[in-house]
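Across the two complexes that follow, chain A remains constant while its partner is chain B and subsequently chain C.
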Partner chain A sequence: MWWKYLIGLLMTGMIIAVFTLPPPQTVIGDASRIFFFHVPAALLGFLSFAAAAIFGVIYLKNRQPSADRRAAVAAEIGLTATVIATISGAIFAKVTWGAYWNWDPRQTTILGVLLIYAAYFALRQAVADRQARARLSAVYILVGGAIAPFLFFVLPRLYSSLHPKDSLVSGQGQFVLTLPVALTFAASLIAFTLLGLWLFQLADRAERIKEELEIKGDYTRLPRTIPYWP
Partner chain B sequence: MPGSKSSWAVKIVAVLVKDLRAEYRTRYAVNAIFLFALTTLAAVSFSLGAGGIPGHYLAVLFWIILFFSALSGLAQSFVKEAETGTAVSLKLNAADDAVFFGKWLFNLILLLGLECFLVPLFLVLLNADVARWPLFLGVVLLGSLGMVSATTLIAAVIATAGVRGALFSVLALPILLPLLVPLVRVTEYCFLADSVAGSDELTVLAAYAVVATVVGWLLFPFVWRD
Partner chain C sequence: MNKRLIIGGAIILIAVLLAFSAFKGSLTAYVDYDEARQLNRNCQVMGEIVKEHVNYDLSSGTLQFPITDESGNIMQVSYAGLVPGNFEQASSVVAIGRYRDDRFEANQLLVKCPSKYQGLEEQGEENPHEAKIKTGGA
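Let's look at the complex of A and B:
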């Protein structure tokens, strides 16, 4: 439980630090601060997809419904985080390059990643049989996981991109952040990852309860157990 | 003899020959893929009308037509087994690896056959001149290998899922996307004599085909067996 309070502290401290500690960047000004939200969101997206692929392997090994459920939940969080990274990137692109979307290799490939995981959910919806759905979607998330590195790593390096590469390490291989800024960045990476873990836990529990109710045939009672608003 | 290499090849070829014979009798996949390609090409050249188009757009159109034609036909090999109820006897009589690579080869032959017909027609109808034939043939071959490697497993997924039609394109296209950009770039080089050829792209295309084939081969038993 304690680490959930830590998320609150880290997030609050990080947001205050982001807007006070680093000086505005010389060329693009305050827009550079988006870095502290964009990069952790992208990292969370990447980690969630890796987790989804690992749960896919676990499912194919032991055929436990829990592994399939966790793969789906991880992919869901990954998709959300990647959408956040894409949108924050587009805002940054508007400020620095003048347009939200200009088919930079990074933007093209992140769209491909989003499409792969959208297709994963399309497959899950299309297959009615529980076991077949689990098996086929585990296979698909692994194919996606094998192909996604081409999108994440290979293509953006093949074509010249405007995406900043020297925010952390300069072209000479030197670490460019001062210590307080580096600590802020580390705090935001940790805060986003922990937030992802918490979301994962919550969504996993909600899905498990839904499955148990479905199995009991008590699904119709579900609306009454959830308090209506207001 | 399971395990020895020669029997492996024999089993793969047996599955391939069975598929080719079934295809010769029904012309199920061939009709779907060839007619789709022909109508798409006709629609494209109708809409463009006379007049040359720049090499970049030519390359884009070329691969879009080929991608969607492939997506219309490459699922048939597995879907047909599921529809006619022959999948069970195939599972009993052939090893998983033989089925996967037999279907893989069948799809490759189908796609290369389509290209023998589509490429000359495309070049004639759209007034395209290929400046570098060896590079062009190489990139078409590598592109076909990549497409077949990725779609064979997805076709098995579709057939097992019992859902056909649009879902195949939905599942296969995002997986094929990493191919599209390098393919279009290299094909563009082939149409324009003056630009430099990218060997980096060819490496990426070959790596994609290898990765997709290995992943497909490893995951195929999980799709094929319950």
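Let's look at the complex of A and C:
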């Protein structure tokens, strides 16, 4: 429970710090502050996909419906975070490069990630049988998890790209952020990751309640305020 | 280790590698200079600006500069549009357009800027390695 208060404090402090501590960049000015939201969103996306793959492995080992449900919830958060990273990245690109989308390798690979995980939910929709769905999705999310690191980290670095590679560590291997900027950045990474964890907890609980009600067929227990379509 | 797991993993790995090798060229929109010279359509080329040879041609109203890629190939670019505000700070550019009459005629320039979050660059401090855009006649 305590860490949820911490998220509130961290998020507030981080947002204030983002707009006060780092000086505006010489070239693009205040727009550079997108960095502190764009990078953590991408990181949360990647971590969620990694978590989804781990839940996929757990499902294949113990065949518990809970693992299947958690894999889906993690993938959902990952997809949302990656969409946020993509959109903020396109806005960032417009400001720095001059175009929202020009099929830079970084943009092509992140689109690949989005398609892979969108297809995961299409797969889940397509299989009616619970166990077959869980088994197939577990294998799929595992394969997705094997490909994601390449699309996130490896491939964009193999091509020349407009996307910066040296915002954190310079070409000479030196850490380039000053202490206040580094602290702001660290706070934003931690805040986003913890927020993702909290979202995961909430969404998982909601899904569990939904599943339990479906299995029992006892819809009368649903509170009146929640709209319900049979 | 489970035998089926190893075989399954190997099949997935091979499939992924095959897919990557098939899509290798399509993952980037940037074509190399030789390809750009052959292509009779719009494409994107990327390269480092040769700062010493940036020239604004007043008679034709075009910005002229060569770009070089990692292996040292050179492509002459001419651009008639509005020069992007951060062109002077740019290290690399992407030129979108087509090759015509010995040069790449760009209709859009995308610039790659050094990303600086360290706040070292204060007002008035200038990078000595950057040449100003020279203006000259035809």
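The rule is short, and it goes like this: the second predicted complex is superposed on the first by the 220 of 230 C-alpha atoms of A that agree within 3 Å, B and C clash if a C-alpha of one lies under 4 Å from a C-alpha of the other, contacts with A are read in each partner's own complex, and residues count from 1 in each chain.
In the analysis below, contacts are C-beta pairs under 8 Å (C-beta built on N, C-alpha and C of every residue); 3 or more make two chains touch, one makes a residue touch a chain.
Given the structure is predicted, the values throughout are model-derived calculations rather than measurements.
*Asks:* When the two structures are laid over each other on chain A, do chain B and chain C clash or fit?
*Replies:* clash
*Asks:* Kindly classify A:Ala122 by the partners it touches after superposition: chain B alone (first), chain C alone (second), both, or neither?
*Replies:* first
*Asks:* So, does A:Thr20 touch the first partner chain B, the second partner chain C, both, or neither?
*Replies:* neither
*Asks:* In the superposed arrangement, which partner chain does A:Asn62 touch: chain B (first), chain C (second), both, or neither?
*Replies:* A:Asn62 sits against neither chain B nor chain C.
*Asks:* Is A:Ser32 touching the first partner chain B, the second partner chain C, both, or neither of them?
*Replies:* A:Ser32: touches chain C, not chain B.
*Asks:* Figure out whether A:Arg135 sits in contact with chain B (first) or chain C (second), or with both, or with neither.
*Replies:* first
*Asks:* Does chain B (first) or chain C (second) touch A:Phe150, or do both, or does neither?
*Replies:* both
*Asks:* Following superposition on the C-alpha atoms of chain A, which segment of chain B from the set 24-32, 186-194 or 204-212 overlaps chain C?
*Replies:* 204-212
*Asks:* Residue overlap on chain A between the chain B contact set and the chain C contact set?
*Replies:* Chain A residues touching both partners: 105, 108-109, 143, 146-147, 150, 155, 159.
*Asks:* Per the contact definition, I'd like the list of chain A residues that touch chain B in the complex.
*Replies:* The touching residues are 60, 105, 108-109, 112, 115-116, 118-119, 122-123, 126-127, 131-132, 135-136, 138-140, 142-144, 146-147, 150-151, 154-155, 158-159.
*Asks:* Show which residues of chain C lie in contact with chain A when the two form their complex.
*Replies:* 12-13, 16, 20, 26-30, 44, 46, 69-70, 84, 86, 89, 92, 94, 96, 108-122
*Asks:* Where on chain B does chain A make contact in their complex?
*Replies:* 150, 153-154, 157, 160-163, 167, 170-171, 173-175, 177-178, 181-182, 200-201, 204, 207-208, 211-212, 215-216, 219, 222-223, 226
*Asks:* Write out the stretch or stretches of chain A touching chain C in their complex.
*Replies:* 22-23, 25-28, 32, 35, 96-99, 102-105, 108-109, 143, 146-147, 150, 155, 159-162, 164, 166-167, 176-178, 181, 185
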